[in-house]
Structures are given as structure tokens and as C-alpha cells.
Amino acid sequence: MTILVGIVGISGFGGGEALRLIANHPAFELVYAAGDSTAGSPLADRFPGLPAKLAHLVIQKWDPATLPNLDVLFASLPTGASAAALARVPQTVKIVDIGGDHRYATGWAYGLADVWPSQITGQTRVANPGCFPAATLNALAPLLVNNLIDPGNIVIDAKTGISGAGRGGDSKFGYAESNENLVPYGMLEHTHMPEIATTIEHLSGGSAAGLVFTPHLVPMTRGILVTIYCRGTATTAQCLSAARDFYAGRDFIRVSDTPPQTKWATGSNLSFVSYAADPKRNLVIAMGVVDNLGKGAAGQAVQNANLMCGLPETTGLEGLPVWP
Amino acid sequence: MTILVGIVGISGFGGGEALRLIANHPAFELVYAAGDSTAGSPLADRFPGLPAKLAHLVIQKWDPATLPNLDVLFASLPTGASAAALARVPQTVKIVDIGGDHRYATGWAYGLADVWPSQITGQTRVANPGCFPAATLNALAPLLVNNLIDPGNIVIDAKTGISGAGRGGDSKFGYAESNENLVPYGMLEHTHMPEIATTIEHLSGGSAAGLVFTPHLVPMTRGILVTIYCRGTATTAQCLSAARDFYAGRDFIRVSDTPPQTKWATGSNLSFVSYAADPKRNLVIAMGVVDNLGKGAAGQAVQNANLMCGLPETTGLEGLPVWP
Amino acid sequence: MTILVGIVGISGFGGGEALRLIANHPAFELVYAAGDSTAGSPLADRFPGLPAKLAHLVIQKWDPATLPNLDVLFASLPTGASAAALARVPQTVKIVDIGGDHRYATGWAYGLADVWPSQITGQTRVANPGCFPAATLNALAPLLVNNLIDPGNIVIDAKTGISGAGRGGDSKFGYAESNENLVPYGMLEHTHMPEIATTIEHLSGGSAAGLVFTPHLVPMTRGILVTIYCRGTATTAQCLSAARDFYAGRDFIRVSDTPPQTKWATGSNLSFVSYAADPKRNLVIAMGVVDNLGKGAAGQAVQNANLMCGLPETTGLEGLPVWP
Amino acid sequence: MTILVGIVGISGFGGGEALRLIANHPAFELVYAAGDSTAGSPLADRFPGLPAKLAHLVIQKWDPATLPNLDVLFASLPTGASAAALARVPQTVKIVDIGGDHRYATGWAYGLADVWPSQITGQTRVANPGCFPAATLNALAPLLVNNLIDPGNIVIDAKTGISGAGRGGDSKFGYAESNENLVPYGMLEHTHMPEIATTIEHLSGGSAAGLVFTPHLVPMTRGILVTIYCRGTATTAQCLSAARDFYAGRDFIRVSDTPPQTKWATGSNLSFVSYAADPKRNLVIAMGVVDNLGKGAAGQAVQNANLMCGLPETTGLEGLPVWP
């Protein structure tokens, strides 16, 4: 079976990672790549390592009216930029929206693939979770569904590599400005909070979420680590056990006895979770690691597309992390 | 006035930074440098940028019985390695212990220089705070003394550059292993917690401290950022105002309206503090940034030595941060 | 067809990269992993992203007398450490030696796979080129076989990421010492020079090679760039054309019109070559980029093993570079 | 004596480093800072570590007609952007042009301060050398004036940190694009070549220079290393001796027996030179290291200004390199 796929947003980091994964996917054939800032360039000019089989592709100007015959479209557009255009894509084309416009939007499934795979199977419109939510929710889900923590009192200290800020020309993300620099931002108001809160409420059976979320830019290219401070009286062993049960048979989740490191996930679709608890202090620390471009974006998107197309969800995603 | 100073632990990062600061200090003259792993080498072999005036120095084997005539000794030794030997240094030699053995030890003042300068003036034995405590306590002090937060419920998410792990041959701190890697460690049990807790109790008038402290290694050489989640109903403006009042006239503390970045402090003795609060959520986030080798080690040590010697505390510490 | 393979030197960077490639190779099954420093550990303890199908493996102590049934052994041992032990491996086991002990040794083919694939097909003992030689020789081969440059006057300015220095505990490769540092080393005497010289003489039909080779350590984990200054009167277009002809049909060589960047190759088995010439100045600059752990080590080793086993040489090596 | 100084180009990296050095200079008082992109901002908004004594300064729009009373103006403007405006600055104001518009221009001295200090003393218009020329010429000068190498056959392989590319929003200098990437550029045509060639001809007594110059961007913020391949029959010892004689009494030049590393110079005005020669191969390798923002820009500019003003040239430049 060959599934014809396209990518819009090929100039960005998410689009580029989608290309890398799709190029080696045994069932997907890339037939369309679009991106406004690079439209008209041969795809090989932007990706010097492009394989010969894709060397004929030219980057198109993004226009839903001129799509070729497609089975799946991966959309990796800036938040706010995709909704109107994607609405014009024919329903026969499955869409995974890696961008932020359709999370918990009507008509779109929320693609937290490792937690709710059955809700994605067979869907035609799936909104990929944000990168921070992916890391956070995979770590919290086993605790929430087992009532091991209070959903009303969760402090998320989140750290991301700089590719998470997206690609662009802002000098504050320049190498000289960013190397040897660690930057907190978005105090008390990060855009990912509502998505996290809504999902926590779903997972906890409707209890109101109380969240503090503080993101930090770390001088590295890829990787997210969330350190999440929760209230609860479970032991470390109980938390680990709950996670192992919850994720039994799930290929991409690794429950680790020791604190996970971002480099464990680089270049892969893996999601590491771990826990450290102190019942005497009513404290559960949950930790999650993903590659923000893998499980946090293109990896999860391919996993969602696999589920949407009825393929095994690991198809094309077996690559081990790149280390060192 | 020339004050004769020595450094023991010259092979480590803290000792090296002390050398850099002392070499340009107008009142200090370096006459002694000791370090076991490099004893016998010309100091210039280890520090290719050493100025001509110090080129005659040879690294000595550390032995308190063979000290030259000294006014001040800076000790930058691994925790656990310094107490016995430093006890044998004559009382006529002032000591600043950058290592961890004398914090809150009998006979030693605790050198949190920006908070309690008057307790250091004229002392002969001063224990430098740890790097994480320096960043943390400078940020928390104005809140604690003004009862703006609950000392019993403080979550410290701490991030440090890798020089904070000390110098040595452990391959887990190797470049290839550490670059593009973010590593949480010491969950629930970091060695700096008792020092922070004791100081919080002093600052809050005796209330018991309740702490969670989670350090993370960040792929950068220098810099500490602490993001501290507290409970309290003060506004952001009240916190900033309390800090500006508390630190009025203090040269090394910068109260910032925006979240501080580690690169603001690199190479300097500055300590940045900032706050973001949401009274409706009973939340105060305090942030602190220092250079772990500056205010977190050698810079604070020189500041303490200045106070001990009756010099203006800024002497030799006026250098601006290195940027970019 | 399932080919049973083993890796010795699993604790090092080269062994780790071999593991990553072999784990996803459709014809190879990893049944043996050995490494002295980690013997006895579950393989999954060292590689947190290990797939479930390999989770049963335990790292063995390296001993050729206790090998399981194997078709191919990848040896990634420090130079000087492998010859005696590998001599005891049965001839029925094909060996690719990623280490340096068998380059141009009797009974071993020299595995410069993109230049001389036919010399590797069907062999049982193949010595992988060094990482610098791989980058250098791929760039020079088309010029030498076409007599476009003087083999007696070649200046190679080589730059490598720090994983090229191997894994270990030397503090000079520590993160704090290495970040923001660029280090020339091995002036006039690098160990890779004889291998390069011998190969140049082969490629140029016996003319004596005259080489200057200067390696530099660059603060990055992976990647090699060689900038090679040669004497010749070919134009840039002639050099590019010669390379395109020479490498016609070769999958892993990319001839680039513009200077190649190390990140183009990261995580892949690709080798980029480019040229800039000025006939008026009798100057040809050849450039080569590889991932030192890919084409410079494990990638080339898998390619060699494919050829030795009669598989298509690209098998298991189709992964695109990881970017960014 | 208080010398009133100004900086134009305060938004760039060179201007920022000039600020850092001037702020601690005992004879200079900063009274003017201009920069188009940030005009109107308090200087403290751009430099969070600014000392209190400079906190009153506001960044001005650059206009030579509205200069305050100044003794020295440091101009750090993009090449091509400064000549017309600087021509309108009164002759009573000494100018050091850190930018590229006045190197070997009529009426401007060439400020290679460690080689020709006497040509700078008392001047009113001095053009700072480029960063690559500074590193290169300091290394070559002793060889050229002693006829130890052939000026007609010099290959310069130059490597720079990314701050050398200047500040701006070009995404190719973004952190994610640049980290783990090593990039050759400007093949055969770099803008610094004429300046280097002219100076080589001066130093060699008029012989024509024959140069190859290839710059590379290295993933680090600061630092330049040049590896220069020359023809000559001097021994290593003879080259080192020639350099030690040539630079006797010069404070900022360090002649090193071992290859210099960029981190030796970070944050300082030091310039390291070293040599490795093989007379049998008619080969002399010269190496030079500087901080591109120190000796390669603002450090050398302050040194030039000191000479222009009749101050000791080391005034305000005694800071040791920042390590690690």
C-alpha cells in the first residue's frame, strides 16, 4: 500500500523533521511539499541530504486549491496561520495539524497518541498536541487516571531546546545571544496552558486543573524536560508501577527508574517518564522527556497518521535516538 | 595597602576564578597558589593568560604547615576535604572557605554578603555560601523578611551550568555526553538543602522551612538560574518593591522587572532577582540568576574578603558581565 | 535472510553508533555486545532508548573464545587494543574493524567503500578507514585519479567534533573545558597521516604523497570538515565534474556546488565533497564533510558489512541526516 | 585626567564589548552611546549589568552633528556604513574605527597596535584591523620581518566564533541552525584578504603577497584561531625565538610553545602566537589566537585609543581571560 502524503510548512523545523521521517517511511510516499518562504526552490536545495527518490520535488506555494492527489497532509504552520486554509482541504485528505490552531477544536481529535490511541484510529482530522503538553501529559496521565495527585495543584517547570522557539530571524535566538544563556519566559501566561489544563481535566474525570507553567529556553537545539511538582501521598514505587501498568504494551513510552535526560530521546519518537515521591512531604515529582521535534511534533504526527491510516503505529518510527 | 593572599585549590574552577579576580584586585597581591593535582607546575603553565607580575609563581603542594606570610587564604577545596587542614592555618590568616565544609560551622560566619554584610565585616573565618544557595537566598530574602511568602512551602527548581559540577575526569561531564543534554539529578536529597533551609529559617524569624529542591545540569559552562515557586498573596509590584527596598544601596544585586537570563551575569559578581506573582492563585514565583563561579563562588569570596579586610566591598569586582 | 552480528566496544561512541544502525537494519540481528568497562550490565541500562526486541541482551566481557554463533563482528576498540584478540576470531566470522589496527595490514581489505566497493565485496576481513581519512580521501579521490592535483603537495586542515577524541574521562574533553574552545593538536605527527599517504599513492598511481595534516578539535559533538589545499590548474567546474563522474551511481556521496557544512551529514552515512579552484593561482581547494561516527566509523562499517555479505550497500543506511 | 569618550554602534557586539572595557577604564568616561536600532532606549535596558555610574545614559540616534563634547569616539559600524558620517566628526575628536571602512585609507593610521605601536601614538584617526587580520598578522609579523617565510605562498585557514558574523537576525546564525555546525564560507574571496596582503607586503619589505584565505564559522560565540601554512626552512625553535625577540616587552602578545586554544584569550586583549616547523618539508605552520571581540575588535580599539591619548597601552585592558 502506498499512501500519498504532503507537508505544508516545509521551511520550518517541524516540517523538516516530518520530511526526515516520511522519507524513510515504508508506506508513505512524499508527493508534495509546500512552504511560502522557500516556494519555487528544489527541495534538495533546502535539504542537502535528500535521497535521490525525492530529488524531483520542488517546494510549492501553499494553496489548498492546488493540492495534488493526497491521502494525508501534515500541516506545520505557525499558530494562527492554518485554520482558514486547512478548512479548504478536501475531507478525503486526512490532516494532521502539527500547529496549534485545532487543539480541542470542533471536528478535530486531540492526538495524544500514547494515551488515547483508540480515539485517533480512523480519524480524518487530528490536532497534534503541543510539544510541552506532550511531555507533560505523558508524565501526568498515569498519576491522574489513578488519582495519585491533586489536579488542582500542579507546578510545571518546563525546559526546551531552542528549536522549540521555531525558525526565524529573531536575533534573540541567534547563536551568540543564546549559547551559554538560559532564559525563562512567558511567566504566568504561556499559550500551552489551556491545552494542558483541559487534558488534565479529562484525565482526572472532570476535576478542575490548577496549574503553574513556566517555560525556559535552554542552550541546546532539541529536547524538552518537564519537572512537575505535584501533591500526593503515593510512593515513588507506586507512581512507577502505575505508569508501567498504564503504558503496558505502548512502544514509545519508557518508564525510567532514574531521572530521564533529554539526550535519551534525541531524534526519536520516544517519551520518557519518571517519578520521585516523598509521601511524608505530600510530594510527587513527575518528569517527562521528549524530543520537541519528535514526540513533541513530527514523530507524534507520523504516529497519529499511522493510526489514522490503520497502520501499526510504530511504522517508520523505529529509529533509535542519536547518541551522543 | 597591600594584602598578601593565597589560593588553595588552584586546579579547580573556583580556584581559577579566584585567581582571575585577585590578579586584578588593587589591594590584593597573590603570593601563594596551591593545588595537589598540579603541584610543582609553574602557575603560568596552567593559566596561559597569566600576567607577567605573577609569572614567577609555582603551584605548591597544599600544606598548612608551609604557608608563606599571608593575610588572606581563599580555600576552594572539595567538600569534605578542607576542614582538618584549614584548622591548622594560623588565626592571623583570614580564611574564606569557598568549599562546603564550614557553612554554619562553629566559629565561621556565613558569608551571604549581600544580605548580611555587617556580619562579615572584620571576621577572620567566613564560609562562602554554595552556588545554588547564593542564587536562591538572594531572591528569597526580601520576601522572607517581609513575610510575603510561606517559608514552609517552597519549591526550588534549580538549573546550573556544568562547571558547577566541578572539574574532574568524570565522562558523564564530557563534552560529547553533555552537549545537547539536560539532566536532572539529586532528586529529593541535594547536599545544598540544609544550608538553604537553615538560612530561610533565619530570614523568616524562625519559622520552619519546607523545601523541595531539584537541581538540573544545563549544557552551558557557567550560570545558575533558580525558579522558585512560593505561596503568598503579594503582587508582582509588591515583591519587586520589597526587593528594591531590601537591597537599596547594595551594588551587586539587580532587581529586574523581567525574568533574568544567566548570560546577564557571566563573569561578574552580579546577582539578579525578579518576581512574578498572581495573588488570585496564591502564587509568587521568585527568580534568581548568578554566575556560579562569580557570586556563586569566587566573586562572593572576594567580596567577603573585602569586608573582612575593611575594604569597600566592590574592590576588584567592578568588571561588567562578558556579553555575548 | 537473517545475519547474526555482534559488536565489541559497545561502551564507546563508535560501538554505540553501530548499535543504533544495526538495531534498525532489516537483515542484521544483534546477538552479541561486548565491552570491558560495562560488562555485566543489561544493554538497556546503557542505551535507554533500546527497542524491546534487544532488551534481553547483557553486555559481555570481550573474549574471542566465548563468542556465540556470529556471521559478522563489528570491532570498535582503541587502536593498539584489537589485533591480538581479533586474530583469534574464527575465519567463519566476518570482521569489520572500526579501530585502527588493521588499516593496510596483511589479510585485511581497506574499506574505503565509496571509492573501492568491489574490493570489499565478499571479503571476510575489512579495516574501516579512520574518520579523517574517510572525509579526506573521498574528497581527493576524483582529483587524484584524474591527475588534477599534485599528490606531492597537499595541505589538510582538518576539524572534528569532540566525539572523535573517543569516550573517556580525560578532563580536557570535559564540557566546561571544551565548550567555546577550539584546539589544534597533533601538529606534524598525527596518527592518520600514513593511512592517508598510502591511499593517496594508490589513487595517484604510485606518485609519492607529500602531506601536511593538522587536526583541530571543534566544540561540537559530531562532524568532520576537511579543508584541503592542493596545487593544480583545474577549474572549479572541472573538479566538480570529475567528482560527479567518479561517483556516478554511488548513493552516499553528494557532490555539492557550495561549501558543505557538517550538519548536513549528522547521523547519516553521507559524505559531502566540494571544490573551489583558481587556476591562475595554481590552487584547488577540496572540501569534505562526514559525520565522524557515520561515514567516519559505524556507517561506513555497516556499508562494508553489507558489501561483505552481498547485500545492497545502502541496506539499513537510508536514514536522512538529523536537522537541526 | 578624564577623557570623554563615546561609542557609536552600541547595539552590535563590538560596541557592546567596547562598553564593557570602557566602563572599567580608569581614564575614560563614557558620555555618549549611539546606535540606530536601539536609539531612545536607556542604555541599562540593553545592558542589564550596567554599573550605576552609567545608568543615566540613553542611547542616541547616531548623528555626527549632535555629538556632545568628546575626546575619543569609538565607531563600530558595519563596513560601508561609516565613512561619510565619520568624515563629519570634528578633528578635535579622536576616532578609532573598529569597522572596515578606513583600513589603509588616506589620513588614517592602521592600528596593528602590537606590531607598530609608534605609528599610532598621538594619531587622531586610527583604523582598527579586522579580526582575522589581527590574529593572522600578529602571528606572521616576526616571520616576515626576519625573512623566515615566503610571503608569496601563504595559506590561511581561519576559524571564527559566530559573534564574528555580527549581530542581526539572519536565521543562518540562529542557535538551532548553528550549533553542531561548522561552515566554510567566502571561498577565494573574503573581504579581509586585501588588508592582510597589504600588511604582509609592508612587513616583508615590499615583496608581493600570495595568499589563500579560507574562513570557517565555528559553533562558539567568541574566538579566532588561524592556522597558517607557510614555506620556509626555519626550525620551530627559530620561529619561536624570532617571535620572542620581536615582541619583547609587548604586554599583549604571548608566544606559546604549544598550539594555542581559543579559550586562552576569551574576554581579554591577549594575542597568542605559536609555530611548528619542519625544515625538511620546507614547512612553517604559524598559529594565532585572539578573542575576535577583544584583540580582534574592542580590546585592540581601546589599546589604540590609549596610544592615541598618550596613556600606557595596557590601561583598562589588564583583565585576565575568562576561564572556563
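The chains carry the letters A, B, C and D, assigned in the order they are written, with residues numbered from 1 in each.
Basically, a residue touches a chain if its C-beta (ideal position, glycine included) is under 8 Å from a C-beta of that chain, and two chains touch if they have at least 3 such contacts.
Just so we're clear, the structure is a prediction, and the values are computed from it rather than from any experiment.
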Message = Quick check: more C-beta contact pairs at A-D or at A-B?
response = A-B
Request  = Taking each chain's centre as the mean of its C-alpha atoms, give the chain farthest from chain B.
outcome  = C
Request  = Return the distance between the CA-based centres of chain A and chain B, expressed in whole Å.
outcome  = 38
Ask   = In whole angstrom, how far does the Cα centroid of chain B sit from the Cα centroid of chain D?
value = 33
Ask   = Per the centroid of Cα atoms for each chain, what is the distance between chain A and chain D, given in Å?
value = 45
Ask   = Which chain B residues touch at least two other chains?
value = 13, 161, 163, 176-177, 179-180, 219-222, 260, 266, 324
Residue ranges of chain B in contact with chain A within the complex = 155, 157, 159, 161, 176-177, 179-185, 187-188, 210, 212, 214, 216, 218-223, 225, 227, 229, 259-263, 266, 276, 278, 281, 283, 285, 287, 324
Inquiry  = Touching residues of chain A toward chain D in the complex: what are they?
reply    = 13, 161-163, 167-171, 173-180, 219-221
Ask   = For chain D, which residues count as touching chain B in their complex?
value = 13, 16, 19-20, 23-24, 47-52, 163, 179-180, 221-222, 251, 254, 256, 260, 264-268, 270, 272, 318-324
